[in-house]
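Let me give you the structure first, and then I'll get to my questions.
Here the chain labels run A, B and C in written order, and each chain numbers its own residues starting at 1.
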Amino acid sequence: MNIDAKLTQLGLTLPQAPRPVGAYLPCVQSGNLLFLSGVLPFRNGKLLRTGRVGAEVSLEDAAQDAAQTALNALAIVEAQLGGFERLVRCVKLTGFVACAPDFYDQPKVLNGASELLFKLMGEAGRHARAAVGVSALPLNSPVEADFIFEVRR
Amino acid sequence: MNIDAKLTQLGLTLPQAPRPVGAYLPCVQSGNLLFLSGVLPFRNGKLLRTGRVGAEVSLEDAAQDAAQTALNALAIVEAQLGGFERLVRCVKLTGFVACAPDFYDQPKVLNGASELLFKLMGEAGRHARAAVGVSALPLNSPVEADFIFEVRR
Amino acid sequence: MNIDAKLTQLGLTLPQAPRPVGAYLPCVQSGNLLFLSGVLPFRNGKLLRTGRVGAEVSLEDAAQDAAQTALNALAIVEAQLGGFERLVRCVKLTGFVACAPDFYDQPKVLNGASELLFKLMGEAGRHARAAVGVSALPLNSPVEADFIFEVRR
């Protein structure tokens, strides 16, 4: 997989990876697994939008938010590994969707992230996934994504 | 452990494992860990029921839902490994329970899954577990279960 | 790191680790990863308090709850490993905060846990983290924390 070429092809650029803030880290590697901190859909230092899916936020916009979390996750991976050469695959995505209590399409929201990972990484981007609807996320973000990647040591 | 024999003894049969749909997979193995996608209580292609525990769904029914997720998880494991010979143990179950805001018995719901795994796998079925109540799950399912198994390579 | 000395220095004592109850375990080790069951802020056998953050429970009190879950997690680790010699680091904390639907400061709640782990373990206590707001947790606890530690075999 050539993620950098695919990014260019899709007209996408990786954001600056977030710096460590406070007593936790953007990611921690243990063995061949890279556990990321929960990723919010920041772009240029701001959330793309706030609110709950199925209330203030549409499914389409939330799927864009999910795609942004995938981009941001790759930025964290690249910063940690110093490039993508040692990235093996995406293992797991647990996606939390802040939503109205009668919104049941969390998987369609997360498709925004899953499909972008597949476009950028091919088969290595296909992952196990769980989609969960919750009442509130940090900073009133509509989406938070929790990634595990496999890396070479 | 002889899961097939135990299934017969309990009058249970494993469902057909779900096929890969879209950009994610039913499970991904990394090292000796098998990460499953979130499992819903489907039986014969349909959710056993919909709604929130403590509202439209009783604790007893939700515990049945949880048990069904354990069966469905084992079906995924069997399909992935081509049988249970390489299955070592269940490591972790994170169970999400869609519930009324004043329902606090998420652990009792998940006992349906934990106890079935113990019946089928013995000590190897005992796992670490987290129980969480949420406002909404995919397809209005009352339960979603997130499993990690250990396998031999 | 010398966790025991740090505990004394901070005037803290580890609680008794919980015993296995029912069909699940306080923690399961697989390879070098130790997966804990969801930890509630029990002290002396009772939750420090009940209720939702941003409603009945203040941010400050919830941060104390989070700190208690970190202590309780270390008690589980110590009981499992027979001391802290084989503990390498904290890898991941997923913190679930039961909260009002308009509460968005889940990260500040979890800082209670993250900062205590850093005080007790130094750099080895810094972890990846996800903060999620939910509608209800077991026993009406304001906080539940899900830890992964790395250990030496």
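Methods note: a contact is a pair of C-beta atoms (placed from the backbone, for glycine too) under 8 Å apart; a residue touches a chain by one contact, two chains touch by 3 or more.
Fair warning: this is a prediction, and the values are worked out from it, not measured in the lab.
Novice: Same or different: do the copies chain B and chain C touch each other through matching residue numbers, with over half of them shared?
Specialist: Mostly different residues: under half of the interface numbers shared.
Novice: Overlay chain A and chain B by their C-alpha atoms and let me know the rotation angle in degrees, rounded to the nearest 5.
Specialist: 120
Novice: Could you state the distance in Å from the CA-based centre of chain B to that of chain C?
Specialist: 25
Novice: Where in chain B do residues touch two or more of the other chains?
Specialist: Residues 31, 33, 134-135.
Novice: List the residues on chain B that touch chain C in their complex, please.
Specialist: 31-33, 89, 91-94, 99-107, 111, 114-115, 117-118, 125-135, 148, 150
Novice: In their shared complex, at which residues does chain C touch chain B?
Specialist: For this pair, the touching residues of chain C are 20, 22-28, 30-31, 33, 35-38, 96, 98, 134-140, 144, 146.
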